[in-house]
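Take a look at these structures.
Two complexes are shown next, each including subunit A; its partner changes from subunit B in the first to subunit C in the second.
Right, the complex of A and B next:
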């Protein structure tokens, strides 16, 4: 899966915006939005929020978790624990990136948040690599991956799955004639 | 989705009533309401069609129960009243429809084999899109609302075409096996391929064979002039690992060992948990919708 597709999925998350225009309710296929009144917060999907922001028609209210104190807590917990700690949003990385790139003027301490999220990401991806390594060396057949986000899975998907498949192929081909070996024959 | 509807009955009914209240109150918003009504009407009719094919008996049974409800509907919807019997008990809202499409998209993207075709969903989404586009043509240019609608349409269209494209890619990759599977399915079972996909696979097979013949095979010695497509093209590798998220709790899923020294064991899949395991083990759960590939 392409990272841009993960980003695409994250864009349907809901954020609050404060519009500076007024508009009736919009009846979208995916649900109703609005009504929009200047100064009154309203919830919209991220894709619309970014579009309105680019046209300078709104101010984006950063999500609760996008806050230096909260992120520091999360980072510390992530570093402390060996397993993946719960994360405030399943799309934290994508949303941070999108919102900071397009609406950094609406987010207090944008630079600090960027660094913190990057720290959290690095810690988690390091854990992911470690566990992928032990998964392969122990030749496990099942792993539980709670709290892992789609983007994190996606960074390792191709590499991990392909190597597992190749190893499986090599292993089954050691017993020629087995049914599994034949189906792997390419 | 047809089996699950009796539960959703009241929800759909409320939803419809809400719609009607909106319809009654506005004349300024009349055009928006018309769009909304058209959308509802479209859902009704497309579901009637699919259900007529499948479950005629159950349809008529629930029809009589829901006829009473549909009679209370406003005049604007009266011509659709007999369809609403279906709508009320098995139809998702358009938002749920889109969510279903996204699920199907991800499952198709990550599963090594071709999954059952969701032509019902695809058709509904297509009709939604065409309909919304028709409505948008009547709107004057530069309307803010129209641009939002257009953006949403583009997003849905992207998912839809990505879904269909990934199916076609799989067909191209494994076409002889897919056709073989389609041939061997039991009489009356629904095909994994939509009619268009079936035509595509057939044509692809014929074209590949012609191509191989024209380019190489006819120059070969006579005893080497045939190619067994089933052996020449790789089978889908059902033993690949997949990432998945559990939507309905499952117990006692057998995990086969990787090596001979290990023993097989069972795991319970808790709702909401995420796992990495072989596709073969959980393939039936993907088909039933109990797990979502991620």
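Right, the complex of A and C next:
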């Protein structure tokens, strides 16, 4: 899966905006988007929020978790524990990138937030690699990881699957069974 | 992988096939000759009951090297030892050698031991010359390294925003068609 596809999926998340135009309620296939009144906050999906922002028709309100104090807490919790800490949004990486690229004027302390999110990402990816390594070296049959986001899984998916495939083929060498059943490769 | 030559010893004579044996000029290949054969030929000719030929294990799979691998698999330059260590090792198990279980175990443990090194190299080397990292890797590990690099490059490309940036294809640039501005 491409990172752009994961970003596309993340645009379905809901975010609050403050429009500067007015519009009646619109009825879309995915759901209704409430009436827009200038100055009153309304909740919309991220794709619409970004589009309106680019046309300078709204102001984006940062989500609750996109705050320096909260992110520092999450980062410290992540560093303390060995398992993955629950994070406020399953698409934190993508939302950070999108909102900070398009709406950094509406978000206070944007650079610090970027750094904090990067720290959280690095810690989590390092934990993921550690857990993949122990999975392979102990030759476990199954592992359970909670609180992983799609983007993190996506970066290691192909590599981990291919190595597990090769390992499986090498393991079946130990119990040959019948020669006819073995395939030509490895 | 199959063009590797394995050292074999013929158990029966091969009449009128002397031309296969490059070192001597005899017309027939007598019993007990040591010669080199490609893997595919050895695999086809091998039969437990009729004893047509017996295969010697290459050095890498023998006792001495196996202890090296069990001590520390990461220091060995697997590419120099024959770039298809894992593949050839799996194929050698066909030949009903008495050491087969140990060979299979050694190959598996080597893979597991080197996995961490390959993963770290693939996932951390962004935009730098990777030839020094790839050199000691066997061809199977190189394929894995490439997959890991692809994942990393795709993510970095997305993060820097180049994923949505349209660029001319390198084929078109190299073809150097005349552009409107040139006319």
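One rule holds for everything that comes next: the second predicted complex is superposed on the first by the 172 of 186 C-alpha atoms of A that agree within 3 Å, B and C clash if a C-alpha of one lies under 4 Å from a C-alpha of the other, contacts with A are read in each partner's own complex, and residues count from 1 in each chain.
Definition applied: contacts are C-beta pairs under 8 Å (C-beta built on N, C-alpha and C of every residue); 3 or more make two chains touch, one makes a residue touch a chain.
All values reported here derive from a predicted model rather than from experimental measurement.
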Touching partner for A:29 - first (subunit B), second (subunit C), both, neither: first
Which of subunit B and subunit C A:144 touches, first, second, both or neither: first
Partner chain(s) touched by A:70 [first = subunit B, second = subunit C, both, neither]: neither
Which superposed partner A:102 touches (first subunit B, second subunit C, both, neither): neither
First, second, both or neither for A:166, with subunit B first and subunit C second: second
Partner chain(s) touched by A:129 [first = subunit B, second = subunit C, both, neither]: second
First, second, both or neither for A:155, with subunit B first and subunit C second: second
Contacts of A:8 with subunit B and subunit C, given as first, second, both or neither: first
Partner chain in contact with A:114 - subunit B first, subunit C second, else both or neither: neither
Larger contact residue set on subunit A - subunit B or subunit C: B
Touching both subunit C and subunit B, counted on subunit A across the two superposed complexes: 139, 157, 171, 185-186
Contact set on subunit A toward subunit B in their complex: 1, 5, 8-9, 11, 21, 23-31, 33, 47-48, 51, 135, 139-148, 150, 153, 157, 160-161, 164-165, 168, 171, 180, 183-186
In the complex with subunit C, residue positions of subunit A that touch it: 2-4, 7, 97, 101, 129, 132-133, 136-137, 139, 151, 154-159, 162-163, 166-167, 169-171, 173-174, 176, 179, 185-186
In the complex with subunit A, residue positions of subunit C that touch it: 86-87, 89-90, 93-94, 101, 104-105, 107-108, 111-113, 115-116, 119-120, 122-123, 140, 143-144, 147-148, 150-152, 154-155, 157-159, 161, 163-164
Residues of subunit B touching subunit A in the complex: 29, 32, 35-36, 39, 93-95, 97-98, 102, 109-110, 128-129, 132, 144-145, 148-149, 151-153, 155-156, 158, 162, 234-235, 237-243, 255-259, 262, 267, 273-278, 294
